[in-house]
Structures are given as C-alpha cells and as structure tokens.
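In the two assemblies presented below, chain A is common to both, partnered first by chain B and then by chain C.
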Partner chain A sequence: MRRMLGRTRVVRLSTVTLLAPALAYLGVFFVYPIFVTLRTSLERTGASGYSFDNYRAILGSGYYWNVIGLTLLLAVATTLASIVVAVPLALVLRTHVRGHRFVRVLVLTPLLILALISALGLLIIWANTGWANKIIASIIGADIQVDYTIKGLIVFYTWLYAPYTILTTLSAVEAIDPAVEEAARVTGATPIQVLRRVTLPLSLRGVRAGSILTFLLAFEAFSIPLIAGGNHRPLAVVVYTEATVFNNFPKGSALAIVMAVIAVVVLVSYQALSTGRQRREGRT
Partner chain B sequence: MSGLAAASRGAGASASSESPARMERIAHSTRRLLVYTVLLAFSLYIVGPFAAILVNAFGQGWFGGRWLPETWTLKWFRFARTVADLPTLMTNSLTIAGLAIAISLAVGIPTAWAMAKRRVRARALLMALILLPRMVPPITIALGVSREFYGFHLVDTHLGIALAHSILIIPLVVLIMSATFEGLDDRVLEAARVCGARWTHTSWYVIRPLVMPGLLAATLFGFVTSLNEFTLTLLTYGPRTVTLTVETYVQIGQGFTTIASALSAILLVPSLILLVLIQNHIKPENVVGGTKGI
Partner chain C sequence: MTSARKMLRRGRARTSAAALAAAAGILSVMLGIGGSASAEPAGSTHAAATSITFVDTAGGANFQQFFKEIIPQAEKDLGITINYLPSSAPELLQRLQGGQANQDVVLLKPDGLTSLTNAGVPLVYLQARRPKIPNLHLVADADIKSVLGIPTHGVAVPFWRDQFGIIYDKAKIKNPPKSWQDFYNRRNEWAGHIGIIRPDATSGGGRIMLRDFLLGIGLDEKPPFSQIQSSSEWTQDLQKLRTFASAFYKPAAGSATDLFQQFAQGNVWITEYAIDFTLWSRDQGLLPKTVGATFFKSATYGGAAYLAVPGNISVGQKLAAFKFINWLLSLKTQTRMLTEMHEYPGISAWKKMPASAFKDIPTWTTVQAFRTPLENNDLYTWLTQNGMQLLGG
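And then the complex of A and B:
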C-alpha cells in the first residue's frame, strides 16, 4: 500500500522536509538553551574562563546535599502515597459502580489545572482552621500542622501527581481478562488470594508506568513548593532563588544541570529495567 | 484503603460460598458501602481545594475557623479588574496562547504525519527526542531560554513567551496528531486518489474531517498548557507581558489570597471546559505522557 501511494502523481514532500521544522525548533529552543545553561554553569563568578568551581561548590556543601535529599525524599514519598491511593481506587472504578464516570473526570482535574491554583486551594483547606484540618481534628481530637511542612508537601504533591499513577493503574486493571480471575476463583482461590496472586501482579505494569511519571513530576515540582513549601525548599526552588534572587546564574545553572542529570538517569534506568523485564517476560 | 477493599471482597466471597442468603445480602451492602466510601472520600479530596478557592473568591470575612464566610461579595473580582488590570492580563494570556498554538501546530503536524505515515529511521529514538522537553526539569530549560532570549531581545514580548511555551506544546501536538494520523486508513486515501481527487481535495474533504477530533484535542491541550505554563513564563515575562498565571503568583506572594482566588476562579474555566470535552472525546490514558504539567 505504501509503495502504491509512493507512485502517485500527487506532490509529496520528502520525510526529511516534514521532520525538519520540529527538529530545527528542538535545536534552537531546547538543545541550545540546555547548552546555554550548561555553559553558564561553567562560568566563574567575577572571573573569565570556565571551570568546574560551581559543581565543586555544590557537591562539597552539606546544604546542597540536604536539598537533593529533601527533593528525592518528597518524590519517593509522593510516589508511594500515589500507589496507595491509585490501587484501591482503580479496583473500585473497574467495577463500573454508579458514579464511576464522574470520579473518572475528577481524576483528570489535577492534570489540567494550573499547579499554582491547586496549591492555593490546598493551602486554604489544609490551613489550621481549614476544612480538612477541622475534619481531621474532630476525628483524632488534636490539631495538626499541615501547611508549610514536609508532610504537607507530600499531601499536596500526591493530590497533584497521583492521577498519573491512577490512570495507568486503571488502564492496566481494566485490561485484565476477567476469565483469568474467574479461573483462579473456580480452582478454589479465596478472593484475597485472587487479589494478591492474580489481580495485583497483573496491574503492576500500570503501577510502574504511572509511578515513574509521578516520581519525575514530584522531583521537578516548582510552583507548589515555591508557594507552599515554607522553609522546605526542594531543588527547583533553590535553582530559581539562586539564579534570580541571589543573582548567581552560574551556580543556579550548575544546580539545574545536576537536577536534569538526576532526572534523566532515573528515567533511563527505568527504561532499561522495563525493557529488560519485557524481554525476560517475552521469553517465558 | 487497600486493606478495606480487600476485606470487603473477602467478606463478600466467604458469605457467598458458605452462608445463607441473608448473610450474603449483608455482605453485599457492606461492600457497596465501602466502595462508595472510597469514591466519596476521593471526590471530596479532589473537589475540596476548588470549592475552597471559589468560596474564597466570592466570600468576605472567612476567618477564625468559620466553615463559611460571613458575607458573599463580588469585591475581589472588581479588585482583580482594577488593581490587577484583568483585561490586559487576559489579552496577554490569550495572545500568547494563540501564537503558541499556531506555532506548535505548524511545526508539529508535518512531523506527526511523517511519524505516522512514513518510514522513519530510528523512529523510537526520534520520538524519545521529541518528547524529551517534557522530561527534563522545566527550570533547567527556562534558565537557558531566559539567557538566550535576552540576546535575541525576545524577553517581555508575546512572541518570545509563545516560542518558549511551544517547546512544551510541540511534543504534545506530535504525540496526539501522530496517534490520530495512524488511525487514518490508507485505503480511504487510496480510494480518494482512485476516484480522481487531487491531493489538496483529499486533504481538505477526506483527511480534515477524519482528523478533526485529534486536531481539536491537540489545540485544546496546547491552549491549556500555554495558559497554565508557569516556570517558562516566570523567566521570560516582563512588565508588558504579565499573564494571568504570573499575576496569580504575584498576588499570592503579596498575601492577597482573595484576589488570587478570584484570578484562579477565572483561570479554572477553560481547564474545566477542556475536562468535559476530553472525557467525551478521547481516552485519557493515551495522552498521559503528553499532559505532564508544571
């Protein structure tokens, strides 16, 4: 078919011509800016020439290691919390109970709303006199501080980034052939065994795919910690303050490069692990 | 929560296999109760912040642990219009979004067509490259972009900000449009050709209606992405190009959460419209990779 179309008289642009605009755009507005950030990170403050001074300063300082540690802690905690929300919700939504459509729409809302707005709303309901805090206080009988704490950031991040885990988990759970679970049930497995041995292992692929997105987003989060972090400043915020508030573009850039390297390393190792897993699963 | 779900399933099944019908009914209603508790809790958890923003935007005297404000008012919207100069903010945001979509569609659609309909060497690698801007931390791109733009005098221009937004919208357009073009049956195009249609006619009368839903989705996603983009805007805006997003941030930073809530309430509208549309027209799972926000 492709060959037949190829022989037609119609004017056909070559594939390279079709790809050229996007590649040029990527080059000018993505690769080049990254290169600029990289070059800036090698500049020396108050001196000419290039050096690794900024990187040495960052990696040699306990402060920046704490920042990186905090960022990773927030990302891992958010990923885990998102799985805890996603799995039961996906199992419930799969049954198509009444109202499931409405909840499916709700799952999407955090993806399409400006993070800043969400952060503002979350700050209001989790304030000491906010709705969420009042409800929790009436249950456990004690006030808790959520806004501007690490705990609060995890709650906010999870609100914002769990939908990625939920959506992929849901699509994996819904792809499970009911016959497989039925077979396990018929052969005498208890419902808990079916859940543990059949349903959950089969939804793992979806959980993994969503988790990597949730992790990366939490790792790169900027606007939420900027307004809701208080004294807890993860990488993106420190990069921004370093570059704009302290006007130290070189150091901010170096930190931004460190951040990008961590993100890309995580992503690439995930890809390598999952293709390796697919190959193994494919063989069996 | 997972424990509860498991327990409810356990209760349901042991009842069904070894107990009389009454037990089964009780187990059934317990399970229903748990299911709806999960759904209700999740709904409240998601809706809460939006409700709070709306109440804050329309309320006055919401202090001291009250459940609702003392009185209702439109004052904050009036402040937003006068103090924060809402018409200018909207013009800026819409101009930038319009430009960004035009650029992104013009650049992204040819690539999407090539990815879907042509034999492209190292396809997977190329797609990964195109999606890379959505994986690298936005702040890393933004720092470089702001420096580059100072050189090109693109800072504080609508075009400059639109160009910056397009970095994140083009991958989205390629993702959505290549999926759309893949769904296009080669035989239909062939049929049009056999019937003597020119390429221009084929693209207008055959391809355009078939890809319209995808095109609409890409446009809307691009629009909302541009409207909501924060990091790149923050590092390229200037006094003449303050957007709704930036102004919301400024108002929050200065502690005027009520005006910020009013601005947020306005920003919510296009996102909610998009939400309803995509639920009816496209599968959300397919665009998860592309909807990565800020």
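And then the complex of A and C:
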C-alpha cells in the first residue's frame, strides 16, 4: 500500500516538475500581465476604487463600436485577401516552375523588414507620385488614392501578413500525396473536379492555420495604421493613444481587454466553424 | 484502505494550503501590498552606484540618436553604466506610481513634469544638491524655480530649450505669412497644403500648432481654462480655427515622420513645427533642401525638456544620477547639443557658445523675445482630446 502511495507521489511530483517551467512562464508572462491589465481597466479614471465605468463608456459609445468594426473589417479583409493570394501561388510553386526558389524567398521579404519601415516605404511607393501608383494610373488611365484609405490599409496589411498564410498553405499543398490526385484523375475526374474535391480540401488545414495567424496579426496591427492609417485608426492605435497620449491607462487597459476578448471569440468561432465543416466533409 | 485515503486527503489538503498560500503571496505582490519606500538619510557617505537608468520621455528620433551617441562617452567619463530607455510621460508616471524604483534620471517635457508633480510623485530637490552637481551654477536661477511658468520649486533643471517656427517649402511659397492672423487671412493661397500632425498623436506638434493659432488670433491663455471656455471669444476663436482647418491637408499626419513625408511628396507646403527636429531631418535627407523656417513675432511655442531624479531611488543611485546630470549640464555636452542638434541649451552660458552655431537658427536673444511658453496645461490637454474634432476628423 505504502509502495503504491509512494509511486503515486513520485508520478505527481514528476508531473509537477515537468509542468513547472511552462506554468511559471505562463504565470509570469501571460497571467500576470493580463491580471494587471484587467485590474487597471477596472480602476476609476482620476478617482480611487474600482468600477466597470470604462467598459460602460466603451461599449456605450458609437465611436468605439466604429473602431471595433474597422479593426474587424481590416482583419477579415486581409485574411480573405491573403487566402486569395496564397492558394493559387502555392499551387503554382509546388510544380517547381522556373524561378520558384526566387519567389519563395521573395514571399519572405515582408517578414524581414521592420513593420514601421515597411509602412513608410509603402506610403512612398503608393503616394500620388510613387511608382506603384504611377504604374496603375498608366494602366487604368486615372490616379488612384491608396495612402490613408481603408483599401490602402488592406493592401499594406496583405503585403505584410500574407506570407504567414502563403507559407502554411504551401507546406500543406506540398504535403499532398500526388497519388491521391492521380487516382482521382484516373477515375475520370476533370482537373477542376480534382482541384475542388481533392486538392483544396486537403490543403484546407494549412490555409486555416495560416489564415488564423494572418487574422490575429492584422487584428492587432499597430505600426502600419499608426503611420499610414490617416483617420482610420484601429483598436491597437486607439489603445496606444488612450494610454500614452491621453494618459488614461484604465481606459486603454479596458480597450485592450475588449480587444483580447474579441480576438478570442473570433478565434474560437472560426475554429469551431472550420472543425465542424471538416467533420461534415469527413462524413460525406 | 481508509488510512490510505486519509493520507491522500491530508496530502491533498497540504498541497491545497500550500497552493493557497503561494497564490496569496503572488496576489499580495501583484496588488503591491506591503511595499516600502527608501528614504535618503541626511549627511550620508554612501558610494555612488555603478549603474543607472536614464528614462527619456522628451526626445524624438533625433534625440534618441543623439543620446545613443553621447552616452558611451558619459559612461567612459563617469565610470558608470547608463541604461538609456526611451519612454513616454504617462508610461513613466504609471511605473513610478506602481512603485518601480529603477528610474534614476528622467527627462520630461513641461506637461510631463506637471503630471508627475500633480500626481504627487516625489522628486529630489536638486537645488539643494549644488555641491554634487557643480554645473548647476551654469543654469539661471529662474530656470530652476519654475518650468515655463509652472512653479517646480527646484526639483527639475532644464536640459534643452526647444523652439517652434513656421516651416515652409521655399520652392512653393515665395512670400510666407508674417503672423498667425496673416496666415489665417491668406489660407486660401495654400488651401489643401497646410500640414499638421494629429493633435492626439504622441508628438505634441499638432496640439501646439492649434494652441499657437488660438493665441495668435487673440486668445489669452492666462486665465483658468474654465473661465476661457465660458467666454464668448472662445466660441468665436474655435469657429475661426475650424475655418482655418478647412484649408489643411487631409488626413492630418500621424507623426512627424509622416508630416515630413507629406512635405517630401509635395502635398504639404507649410506648417508649424520644432525647428531642431526639422533642421535635423533636413540634414538627414528626410526633407527637401528647399525647406526653410521663419518665425512669427508672437504666439510661437517655446518649450523645454527637464532633468529630474525620482525620490524613491536609493542613496547610491541618487549620487550616480547627480554625476550624470552634472555631465549633461557641462559646457561640452550642451555646446555639442547646440551645434549638432540645433537645440538651445538648458544652461545660460551664451557667451561661451560658438557664434557659428547660430548660422541656421536665430540667437537666443532674438528667440527669447517672441517665444511663448505653455502657460495653460488644461487648454493644452483639451486640445489634445478635442483637436481632431476641430479638424473635422
């Protein structure tokens, strides 16, 4: 009996020991900062004590709902744009066309440049006198306004965050066994049917993983909208302004908590939706 | 079996108690219960610390680079390690109120210093430390007693004095305005090309421009803000400001870098901004060479950045902090700031400054006649919070 109890203790002790570094890390770098932010968000601005005043002010204001709407719009549009770019690119790159290695390196470029520098560079090339704007203007025969617009922000975000979707999609597409697609073709499926019924469903896992990363990064984007957003200021910039310009840390913290809650809700919903869809497709 | 269960239960109870005690300990640390503040004993003979943290809440990109260049020399001269930390006044206030005692020397703009003193953050009375900071004799007495009209009772000493001016592209504007009223009257000449930084940006340039405009068209900022707000002139002045803002380039720049980019693209031709940062940016190639500066004879902001030492650090840290402040106030460092950064020094040893430093900027005597320091912090805060609405943003 004692031996049994002793073994149980050893198992429990080793479990605790193995978990300790991860728990300590989570506690110090995640739980504690969240706790401090939560506590600060409940502080009364310019008064002592705690209340939900900051949350009431945020959720009862049309301005903040617009900010939340803008942030979600930018994140969702960027995610969709990234998928639209990633899937065809991955399908082309897996065939190892000429120059595919160069394109693979090129895809990584945005990740190598500081977002702040990227934002400035993008502002310059998309300005009325910038070369990107001039090229498009020469094609369509009219000037286009990209800088300081929502569509401009989506273009900039996509440039910066699409690589995450592209990389995971590419790795999922390249992991597809060619024999599976071959089997579909042999049994009479047209190339479009192979793409729709075999290739795309099998690459969905990669698309999903990448798009989650892209969504979260776009949802929390700061440097690009700070520099290139003009009057379009998403949540991260508004949190920063509340805390460091208006000196209102409690409201800034409440906004940060609202932001975190929205991110978690969207993430969980997206996971549930895509897992359910995968299960349904698995059954059929 | 029963005794085994009891042993297990007892074990679990002990584990739970330990976990509860640990959680309580962590919570008490998180909530800051049981903290203590260190006091400086009188007549102490403590040794200076070998490492200090210098928190800069006032410098832009230009000064962050300047500090990175001069701090290694200070470390060599003083034999101490100086950790340079760019930050913001609200963040610093948050840290100091949270009880952090590792901010040894802080550099603050007037509003930042005011927010610290208003919040009751204890700062060391520097005036009484003259034996430890001999270069304090180079600073005018009046500059230690008050910060741009706000009494500071000797807890802060000016490190630099910055000056705003009208920045314009000489290639686009041959005859710049002579005053704010003239600027307002001729706004249509430059409609859509008058630049401004968002009043709610980290950079104070935009809110300062709004304040200067209001002062320039006749607003008196000396009375309390509540009194200003209730006057009929205030409504008229705001209406005039809205009209002026309709000639601004849209959208307002998010930062100084963004504003300069708008200049470089030819979208913005004229604005009001800090002379030092503008000239430095021009030297760096961030602004067209055709960009120049002019000054209105009234309602032109003149600011400053102040050095202070939080009272909650140890005696050894304070001694090292005084050594560093003394080094920063030395003629050598202050002259370097004037010649390289186009920034007016905090010390008043004008006769010892090289005349060549005033090639690009007016002499201090000239500037002193028209600089208008911040005298109403409430007005400034109001413009920070409501400025974007005035601009129609």
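The rule is short, and it goes like this: the second predicted complex is superposed on the first by the 236 of 284 C-alpha atoms of A that agree within 3 Å, B and C clash if a C-alpha of one lies under 4 Å from a C-alpha of the other, contacts with A are read in each partner's own complex, and residues count from 1 in each chain.
Here, a residue touches a chain if its C-beta (ideal position, glycine included) is under 8 Å from a C-beta of that chain, and two chains touch if they have at least 3 such contacts.
Because the structure is predicted, anything quoted here is derived from the model rather than measured.
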Combined model on chain A: chain C and chain B, fit or clash: clash
Touched partner set for A:Tyr148, first chain B, second chain C, both or neither: second
Partner chain(s) touched by A:Ala57 [first = chain B, second = chain C, both, neither]: neither
Chain B versus chain C as contact partner of A:Gly230, first or second or both or neither: second
Which superposed partner A:Ile124 touches (first chain B, second chain C, both, neither): both
Partner chain in contact with A:Ile113 - chain B first, chain C second, else both or neither: first
Chain A residues touched by each partner, larger count belonging to chain B or chain C: B
Contacts of A:Ile176 with chain B and chain C, given as first, second, both or neither: neither
First (chain B), second (chain C), both or neither touched by A:Phe35: both
First, second, both or neither for A:Phe246, with chain B first and chain C second: second
Which superposed partner A:Thr95 touches (first chain B, second chain C, both, neither): first
Chain B region in steric overlap with chain C, selected from 146-154, 200-208 or 272-280: 146-154
Overlap of the chain B and chain C footprints on chain A, listed as residue numbers: 1, 4-5, 8, 32, 35-36, 120, 123-124, 129, 226-227, 243-244, 249
Partner chain A, residues of chain C touching it in the complex: 1, 4, 7-8, 11, 26, 30-31, 88-91, 93-94, 115, 200-202, 250-252, 254-255, 257-258, 261, 265-267, 384-385, 393
Of all residues in chain B, those that touch chain A in their complex: 1-2, 4-6, 9-10, 12-14, 32, 35-36, 38-39, 42-43, 45-53, 56, 63-67, 106-108, 110-111, 113-114, 118-120, 126, 129-130, 132-133, 135-141, 143-145, 147-148, 163-164, 166-167, 170, 174, 186-187, 189-190, 193, 198-199, 202, 224, 227-228, 230-231, 234-235, 245, 248-249, 252-253, 257, 260-261, 264, 267-268, 271-272, 274-276, 278-279, 284-285, 288-289, 291-294
Complex contact set, residues of chain A against chain B: 1-2, 4-5, 8, 10-11, 13, 15, 17-19, 21-23, 25-26, 29-30, 32-38, 40, 84-85, 87-89, 91-92, 95, 97, 99-118, 120-125, 129-132, 134, 159-160, 164, 167-168, 170-171, 190-192, 195, 210, 213, 216-217, 219-220, 222-223, 226-227, 235-236, 239-240, 243-244, 249, 252-253, 256-257, 259-260, 263-264, 267
Chain A residues within the chain C interface of the complex: 1, 4-5, 8-9, 27, 32, 35-36, 39, 120, 123-124, 127-129, 148, 226-231, 241, 243-247, 249
